[in-house]
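Notes follow once the structure below has been shown.
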Amino acid sequence: MTKPGDRSLYLEMLRRMLLIRKFDEAAVELAARREIVGAVHAYIGEEAVAVGACAALNDDDYITGNHRSHGHPIAKGASVDRAMAELFGKRTGYCKGKGGSMHLADFSVGILGEAGILGSALPVAVGAALASKLRKETKVSMPFFGDGASNEGACHESMNLAAIWKLPVVFVCENNQYAIVKNVRDLVAVQHIADRAAAYDMPGVTVDGQDVLAVYEAVGAAVARARAGQGPSLVECVTYRYFDHAEGMGRLLTEPYRDADEVEKWRQRDPIAIHRAWLLDGGYATAEELDAIEKDAAAAIEAALEFARTSPEPDPSELFDGLYTNPIAADRY
Amino acid sequence: MAELSFSAAITEAIKHEMRRDPSVFLMGDSVRSGIYGVTGGLHAEFGDDRVLDCPASETGFVGAAVGAAAAGMRPIVTSQCAFMWVAMDQFVNQVAKMKYMFGGQATLPVVYRMGISYANSLAAHHTDRPHPIYMNIPGLKIVMPTTPADALGLFKTAVREDDPVLFCEDSTVMRTRGEVPEGDHTVPLGVAAVRREGTDVTIVAVGGMVQRSLAAAEQLAAEGISVEVIDPRSLVPLDTEAILASVAKTGRFVAVDSANKTCSVASELCALVAQEAFRSLKGPVQRVASLMVHPPFSPVLEKLVYPDEGKIVEAVRRTMG
Amino acid sequence: MTKPGDRSLYLEMLRRMLLIRKFDEAAVELAARREIVGAVHAYIGEEAVAVGACAALNDDDYITGNHRSHGHPIAKGASVDRAMAELFGKRTGYCKGKGGSMHLADFSVGILGEAGILGSALPVAVGAALASKLRKETKVSMPFFGDGASNEGACHESMNLAAIWKLPVVFVCENNQYAIVKNVRDLVAVQHIADRAAAYDMPGVTVDGQDVLAVYEAVGAAVARARAGQGPSLVECVTYRYFDHAEGMGRLLTEPYRDADEVEKWRQRDPIAIHRAWLLDGGYATAEELDAIEKDAAAAIEAALEFARTSPEPDPSELFDGLYTNPIAADRY
Amino acid sequence: MAELSFSAAITEAIKHEMRRDPSVFLMGDSVRSGIYGVTGGLHAEFGDDRVLDCPASETGFVGAAVGAAAAGMRPIVTSQCAFMWVAMDQFVNQVAKMKYMFGGQATLPVVYRMGISYANSLAAHHTDRPHPIYMNIPGLKIVMPTTPADALGLFKTAVREDDPVLFCEDSTVMRTRGEVPEGDHTVPLGVAAVRREGTDVTIVAVGGMVQRSLAAAEQLAAEGISVEVIDPRSLVPLDTEAILASVAKTGRFVAVDSANKTCSVASELCALVAQEAFRSLKGPVQRVASLMVHPPFSPVLEKLVYPDEGKIVEAVRRTMG
């Protein structure tokens, strides 16, 4: 339940959604003009999911992400400076330039990293939850994954393991209804991905992923359950990506896969606009206050760009750094 | 003779084989669309039943393809090697072993198109070069063309093979353009191509390394070193005779491979030559392969990982010296 | 529905169950005294599942099996001679000695082979069904797998693929309640494995696996559905293995995993005894007739043993045979 | 000095480390029971939380182990290499890459016990020897002991390592008995053991091949050929110095590996020696490895597949002649 006393939380939600939006607007632009290289998968349109879900977590709880994961770390509290620097492959980036866009991580705030391979991080998230349980801690682990990734075997195994071991895991499925160019209806046999929770005797709910508070409440209930030792849950957030799968991919399409109307319809349910309106309606803040938050977010991303651009490239001597904790003469092999 | 890109040559081969044989069909991730290149547009001609988009369930569809082959179809599966790790059990235990384990009962005409993508700033999860790993598994045939003509000819051969073929598509050659013979051009498995003749050193280079080796050979020619460059075209079967014959002539050997160096194709070829052409060798064999590190995202760092012209030239000099 | 007119089918069911029972009694004994080598996983106690399920199939329908798979091919109509010879590793075996106990196959009657790797044959079975559908045939594909194997990712992927493509697959889960020494309760989160069918929007039923007719009816309905183009089903057959996981494994146990009472309780529900009683009760045959069937089955197994024992070993020159259809000089590598 | 079997030595090492460090725990298929040997009985001492049976969900539990390690635990995972293909993505993309890809943030103290079972008439699905495949993947450390003392000492080192270690247990040495030092005996990674000194030929043998090579050496000694047998003990890191020093002395090299020959450790070692000790070589390097075929069930056929004393002797003669 949302409480009037949570004003600062509600404003912080807006701020983080705006940070993600502006971060990814910048990322798409940078990629389009080849100022950054590699793949960029924009999270634009889906911000309420990461922000609502992470708002239910503590700093020392764990998350893992996927290829479309600039939003998750920002929602969890990562620095936009270091995230942006990573997109530039700079030494000041979270992964010192080793990871790039698809592999942000900040272990200091529980972000155990992102996987470019679908489903691959789910077992890792389950393992973090296992560690939490074995040490009698109450840390919760939250893997984010897409509708497409839900078809990987790793997903099944992870859910069953979490269920039989009653681990503190909240599986957050971001059903943006597409896997690259395929509609979820053609790839998943059930109506709601949350229906699959029944196969593991765990709660499964489908929630409006454009409503940050709805996500926050559904995920919050699952987190509370997990923290109380009652085991895992699956929360499916129905959302939408405004852009094509990855920057530049639109040009490669030989057949359209969705129509402009559909995109327009979803843009009318923009998560930031919805939350902004709710804040105004509820009298939580004035339009000026919200505009100021937006301006601050824009400034933070400008600063992040500046930070990233002026940061040094990694030095060739750093190539092998981080491969092992206790290095071997890897260049010998 | 038409000029085609490497990628368009594969499209041509697929079309040709699908028209020729109704049991040939295409399956994989997003094959109807053109987002990974090659297969876009085929759906319009061949329809739903022959151009089948699959969910991200690689264990499921890699295995389904070989099951369909066992039941009489001739599937062509499209994927990236980076996504095939999740399906590794199906390759090792079904695709490669099924025929042998059942005393030869199965016939498994299936082609797995394996995109081998590197030097693209896609970071470690999307940048594998696992061909030596598949070579360690008996029961597979493995092809790695480097020219449009070979891509066309080898692809058609692969589809007509009654054994599973991994058709490796090196991302660094996908855009290469070149002449492609008219007619029903095919290229047999197990026959290497000599890309440049030479007398001082033999280089055997795999996939995209052929181009880099030719560039190195060019540079070395200026120094008076005559390099022969061999493109094996298929890794299994491998044209060992051509390789050994060349070394018998030159007396020096360099193997160039984009894969991680330890237990690479470069290691395999050097071992082969040092074992079977030892008496011809006038200098140490040389491996030029990727450093034993994951490809980092940073372009500044990533380019250090792979063999390049400079490293190949150095290796040739080492074996000369 | 069982029909009185199916007498010969009911008797054939008894015969095949007896063949399997006696085949595996022989196999266990052979293994115990090391007359045959390798692993032997007895199907004793579970015969009604394979026989009831395969009775619903045609000769040209497909099945795949697992490590505990002497029963499946025999139920599908394979020759006990060639199956036994394969256990002996003889050249006359189904796989010419290449496969052994865990890898029987007879493509001529749709037996696409058995996998020692849990879950590994399920995608293959799905592929056979795909071929059937693409060729507009009505052949059905039936993978057999255990409660343990149901936790493999391959299982999830196979079921979802079959469901979205509406393939003619009948997934038969043999829930004998144990995976080696672990009870299904500790490994699977749901009460009934059939409950997992809900995750793929396909019918899932749980049936008494000791009652060959119950299996036949449930599987028959699923086969009819599959043949009619209505897609896959999951049939869970609850059964029990009388013996330990594999011959010789009992000796290695450091903790008991089930008690003698439980085994005894299940032995009281022996599938062969149940079917025999039903045949007698229903007046389908006299005790003498049934005894004769049993005697014939025993004789067939004796003959199979004789065939296997007197068959030649493979010749060393055959080592590479069957590796490729179009051989390469594999010994060159 | 106590006498222990190889298998009991691992049990001792696990017990020792679990007593020493509460963050060490055991997980895998049927680890409470003794059915795969080694771990039976540990549950009685350490209880449910530290001896965790897993379902047949290898992708799940292989990944969960590395996730638990990233979160501060020190898991020991028990399995067979034959069952690890289904979890290959977790090894390649999480266990091996996670630390590097995240710029070194992760610390991953996890040991994977890999049973490498062969020569058991278990047929192709249960008879893999994939260690060269894992060697091709940067980021892993790979150990393969051959004596009870090394099993004990290397296992303890593996548990204390802050990097992922694959601890390969060759089924053909599990029952070997031998003396094991008292006290907190550990063996470092990357230091080879000379199992027999010799002057004419160097054999480097992996895992169970050490015993067969020693037998061959014994036989050859009678013919007056003095063979040095080196057991690398860990494959990553590899003691290349010891190997090259031995070849510098003997001038002849044979590598013996149970793996499939193409891209095997034998290939890797021969390439290494032919590249770096070429000037010392007096004869061709020799690979003795498994034939490129799947292990058939038939014992008559299966034994043809692996290196044996006879094949090793022949290889030594070839390099001498």
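A, B, C and D are the chain letters, set down in written order, and residue numbers restart from 1 in every chain.
We take it that contacts are C-beta pairs under 8 Å (C-beta built on N, C-alpha and C of every residue); 3 or more make two chains touch, one makes a residue touch a chain.
From a predicted model like this one, the values you see are computed outputs, not experimental measurements.
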item: Any chain that touches subunit D and subunit C; value: A, B
item: Distance-maximising chain from subunit D - centres being C-alpha averages; value: A
item: Chain centre separation in whole Å, for subunit D relative to subunit B (CA means); value: 30
item: Gap in Å, rounded to a whole number, between the CA centres of subunit B and subunit A; value: 36
item: Centre-to-centre distance between subunit D and subunit A (centres being mean Cα positions), rounded to whole Å; value: 40
item: Centroid spacing, where centroids are CA-atom means, of subunit A and subunit C in whole angstrom; value: 45
item: Where subunit D touches two or more other chains at once, by residue number; value: 55, 57-60, 85-86, 89, 93, 100-101, 123-125, 138-139, 236, 262, 292-294, 296
item: Residues within subunit A bordering two or more other chains; value: 95, 97-99, 103, 115, 117, 120, 151-154, 156-157, 160, 164, 186-188, 323, 330, 333
item: Chain-level touch network, classified as line, ring, star, complete or other; value: complete
item: In the complex with subunit B, residue positions of subunit D that touch it; value: 59, 85-86, 88-89, 92-93, 96-97, 100-101, 123-125, 128, 130, 132-133, 135-139, 236, 259-260, 262-268, 270-276, 278-279, 281, 283-287, 292-294, 296
item: Contact footprint of subunit A on subunit D as seen in their complex; value: 25, 49-50, 54-55, 57-73, 86, 89-90, 93-94, 98-108, 138-139, 141, 161-163, 189-190, 236-238, 240
item: Subunit D contact footprint on subunit C (complex, rising order); value: 37-39, 86, 89-90, 95, 97-103, 115-120, 148-149, 151-154, 179-182, 186-188, 245, 249, 252-255, 257, 313-314, 316, 318-320, 323, 330-331, 333
item: Residues of subunit B defined as touching subunit A within the complex; value: 29-30, 32-35, 37, 40-41, 43-44, 53, 55-60, 82-83, 85-86, 120-126, 261-262, 291-294, 296-301, 304-305
item: Touch list for subunit A against partner subunit C, complex; value: 151-157, 160, 163-164, 186-191, 195-196, 198-202
